[in-house]
Structures are given as structure tokens and as C-alpha cells.
Amino acid sequence: MGPGENATPDDNEIAFELGRAIAKHGWIVLTGGRSFGVMDAAMKGARDVGGLTIGVLPDSNDRNSSENAQIKIVTGMGSARNLISVLSSNIIVVLGMAAGTASEVALAIKSNKKVILLNQDEITIRFFKNIGTYRVMVAKNVDEVIFQIKDYLAVHQAGLTTHE
Amino acid sequence: MGPGENATPDDNEIAFELGRAIAKHGWIVLTGGRSFGVMDAAMKGARDVGGLTIGVLPDSNDRNSSENAQIKIVTGMGSARNLISVLSSNIIVVLGMAAGTASEVALAIKSNKKVILLNQDEITIRFFKNIGTYRVMVAKNVDEVIFQIKDYLAVHQAGLTTHE
Amino acid sequence: MGPGENATPDDNEIAFELGRAIAKHGWIVLTGGRSFGVMDAAMKGARDVGGLTIGVLPDSNDRNSSENAQIKIVTGMGSARNLISVLSSNIIVVLGMAAGTASEVALAIKSNKKVILLNQDEITIRFFKNIGTYRVMVAKNVDEVIFQIKDYLAVHQAGLTTHE
Amino acid sequence: MGPGENATPDDNEIAFELGRAIAKHGWIVLTGGRSFGVMDAAMKGARDVGGLTIGVLPDSNDRNSSENAQIKIVTGMGSARNLISVLSSNIIVVLGMAAGTASEVALAIKSNKKVILLNQDEITIRFFKNIGTYRVMVAKNVDEVIFQIKDYLAVHQAGLTTHE
């Protein structure tokens, strides 16, 4: 999860690497599905190594969706689709920050999901740790994210859905 | 689309064959994702020939979902998820009838989607033809459904998303 | 509940009378809130006698809403708001028919709500009686609707929310 | 907007005063509608002076709703109803903080709504100012909130819906 229009070039570059790394492990990349920003970059990274990508779209058609989203869930529910993105994910990795992204982190915490804050500033980390306590983890780079996901999987066994 | 609890054994048998036939053509089977009725049977049929299946779930977790749904979209929006199922589909095939199913057909017509009514009674066909006109087609068996989908694809070119 | 753009002049006239009659009894008129069709006419009727009106809007702002909706619930969820209209109502009265209206009747039945079909044709009545059984009642005019609502209230005691 | 179960006694006391003050000015109090926490207290305050209250409920029935919500909008959409609460409001006043509340603030900013943070700590204020810039205002007590609402109304003219 991360900003669309307001994503920085750095956000997008890291999102691409993150998408690649997630897909390499056989995990599915699910995003908000739009054609720009962190969403698009992460799915592009996943596609680069043959991974499976899902875009949960806000509009009532797929016109502004990313070509890197293989499966397009068309919700027609605007920002209410952020809840669906969160509920359909096993772990939420957050890169960059904007209002829509913040709502996803908050909804993830509300829904008792694990959240990994990647490359976030001190204020953001402290705010979400205050409301999310143990659900909120912090990572400084893509390797740390992957390590934390593996750690979560080892403990919870339930396991993320894998894509063969 | 079709009934859950109220599906007849006949509905389920035909749904299984329909799921198989759809998957054989490389198309994705998307249903309401629950573990019984037409939803489950259609996905089971698709899985039987190695097809890809998506379940758009009503609850806020995947506890009552079908094991035949490979990709589980968790909406937490109850019957409002019926709109998402419809908007995310290229063509809606309807088998069996119940209140939830009827809402999906109505929402599909409202959203200008193509609807194929499979094995429906005269009252149902006349009701939906009255409100849906050209969007509503009728089929008597799985072969007719597949023929109509191919016909739709040939005309619209846009093409259903294929799964390789 | 009833059609917007596709409402006939007759539908709108009866909707106005229905809105008046409902409001006169101190009950709230809740509709889809748009500025035309049965929705607008019913709220206009209610306002004519000083009743309270609620519009549950599909868009993410209130730009196309009826000026006769005193309370505007802005959902931003398109046709998914039909579920909210239904769940927030005690009794659903249906006048005229179109795809959106049909989805409301189906969702009302699915949600175990009482539905009164006003002035509907034989096909519509038989279709919804088939899927809704005892939940579906039929009325030929506004007086019959009011009588049925009173009957429902007398039996269920719970009572509709009254507006003083 | 504010926490339910996790509201402090102080939050609830201020919410009651805030609800009273809002209602005294003829404005409607809209909350998440549940029977506890800031939601219930604010509506109780409004009712204390004869104000109009609306509860936008998460469940598919009104069983756990506050008796202080006169108008109950039943969404059946869980936390996705937070978007509806926000879109249906002219100004969002936030008292106390929890995950659900944070999602409402974020969705309000995303939807270009004015947000007043009442009695929030430094971290919370800085986080939401970072993502919401000019949309986010800060107030230390109920009087400041009322002053800011009046100021907003004077500038925007559009005016909040008043309840006579």
C-alpha cells in the first residue's frame, strides 16, 4: 500500500524492488490497482519475475487501472475499497504516505492485520505504534520486510496463499 | 452466480459442468466464494481442469469460504459484495434463483453487463427481459452458454481476461 | 423505492401521494435521494405535509441530490447504496420497476425485510413472490399500502421510528 | 468522531459537551451510532438540548446502536461505513483516537473535508497535518471547535444543514 499521484520517485523504485521480492517468494501482490504510484510500481516489479498481481479498483470500471494488475477487482466503492484491500491481505506493507494510505493502515490495525511500515518517518511510526501497538512493525529496507514476512509465516503457520 | 444454501442438486451438478467448461476455455471463474451451492460447485469444476477461481466473500474474514476459491477477496460488506462480483465480471451466467442471485442479475443489468440466464423458468426470463432487454440472453445448457460467450467475445473483441 | 430516469408520469404522481400519506402518519420517507423520478416525487409529497425525508445517495457528494431530501447520506458507493437504503428501512414500498429497483427488492427479501409491491404487473409479482414468499405483499393503491403498514406495525409492535 | 470501547471518561465528558454545543447551534450530530464511547456521548449531549442525531451503523441491523441515535442508517458494511460517516458530514470533529477514528480522519482528508482535531496529542496533530495540510485544524476545547465551525460557515456560506 502506498500513495498514487503523490508517490516520490524513490517510493516507486523501492516499490518495484518490493514487488519483485514478494513475487520471488511465490506470494501474491495485492494493491489498489491504479496505473501510477506505488501500486503500479509494486505490481510491475512482481510481473517482472512472473508473479501474480491483484488490483482492487475504486471505480466502477477498469479504465484507470494498471496494466500490471492481472486480476482486476472492480468495486465501484471509491475509498471504501481500501477496507477490501486490507481485509484481503495477509500482511500490509506500507511505503510512502498519503491520506488514502493512512486510511489503509488504520483500517488494517482496526482489522487486526499485521502492518509493516517501510521507510517511514519518526512521526508516522510513533502515531501508528500508538494506535496499533504490537500489530505495527518497522522496516528500513526490502530485505527487512521479507525477513519479517517469513518470520510471521513461521509463527502463524497458517501461511500466506502461495501461487504456483 | 447462483444460490448458496437453496441450490438444488441439479443446480450444483450443472454448475460443476459450467465451471469446467469455462476453465477449459482459459477463462476465470468468479463467484461469491462461499463453501456451498452453485458458487462452490462452479469453482470445483474449474479447479478440476486446473482453472483459476476467484471468490468475492461477504464476510470480514475467509472462514466460511470455499476451498475451491484460489483467490479470496474479503469484502466485509455482506450482500453489497454482489455489486463487486458483478462489476468484476465480463459476463454473468446465472444458474438457479434466490434473492441474492436476483440482486446480482439486477445489478448486472443496471451496470450494463451481459447476463446469460441458464435453465431459468418462464417467469424469471420474462421479468429480467422486461428490465434488461438486450442485455439478457437465455441458454438451455452449458454448451449454449459457452457458445454465447464466444459470440460475445468475437463481437466485442475486448476479450475476457485469459489465464495462462 | 422506484425508478429514477425511467419513472412514468403515473409513477411519479402516485409516489407523491404515497409520500404524503406516509408522512401524514408520522413515518419517515427514505429513498435513493436523487433529484428525479419516484425518489424525488415521494420526498416531495412527504415535505408537502411537513414530513421528514432521508436520501441515501450513490455519489461521493450531494450534487445530484433532491432538494426534497432533508437528510442526505452520502455513500460514494454507487448501487451498493441500495443495500443501505433497504437495511435502513422498516418496510420497503416499491412503485415502478427498473434494474436498480429490482436489486432493492431482491436485497430486501435477502435481508428478511417486508416488501409491498405497489401497482406492479403480474410477471413482477410472480417473480418476487417466488423468491420472497411471505415477505412480499401486493397493493393496488396508496390506501392499501398504508393499511398494510399499519397491519405490520400492529403485529410487530416494534414499531417504525416515528418523527415528532 | 472518536473511539468506542477505548474512549476515556474524559473523552466521553467532552463529547457530551460538544454534542450539546453543536445541537444548540441547530446543527446535526452524525456519529458511528454505537451505544458506547464518544459516539454515544456526543449524541446524548445533542439529545439533551433537543438536537437531531444520526447514527451510521456498521452492522446489518440496529441491535448494538445507541438509543440516542434518532435516525439510524444501517449499512451492513463494517468499517467501510466510516467513509459514509465522513462523506455525509460537513465538518469532522475528532475527539480521542483509535484505529477506527484514525481511518475516519484519513478518509476525511482524502475526501477534502475539514477536520478539527480536539484535544489531540502532538504526534497525532503532526501526523495528520503532514498528510492533510490546510484541511486539518486544531482545537483545545469545545468553545474553540464551535468558533472554528462558525468561521468555516461564514467563509463557505454553503452552510451546514440546519434542523428546525
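By written order: A, B, C and D. Residues from 1 in each chain.
Criterion: contacts are C-beta pairs under 8 Å (C-beta built on N, C-alpha and C of every residue); 3 or more make two chains touch, one makes a residue touch a chain.
Treat the numbers as computed from the prediction; the structure is a model and nothing was measured.
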item: Interface residue identity across copies chain B, chain C - same or different by half; value: same
item: Chain located farthest away, centre of chain C as origin (C-alpha); value: A
item: Computed distance of Cα centres, chain C from chain B, in Å; value: 29
item: Inter-centroid spacing, chain D versus chain B (mean Cα positions, whole Å); value: 41
item: Multi-partner residues of chain D (each touching 2 or more other chains); value: 60, 76-80, 83-84, 111
item: Residues of chain C defined as touching chain D within the complex; value: 28, 54, 56, 60-61, 70-77, 80, 83-84, 87-88, 111, 161
item: Residue ranges of chain A in contact with chain C within the complex; value: 60, 76-80
item: Complex interface listing, chain B residues touching chain C; value: 77-80, 82-84, 97-103, 105-107, 109-111, 123-124, 126-127, 130-132
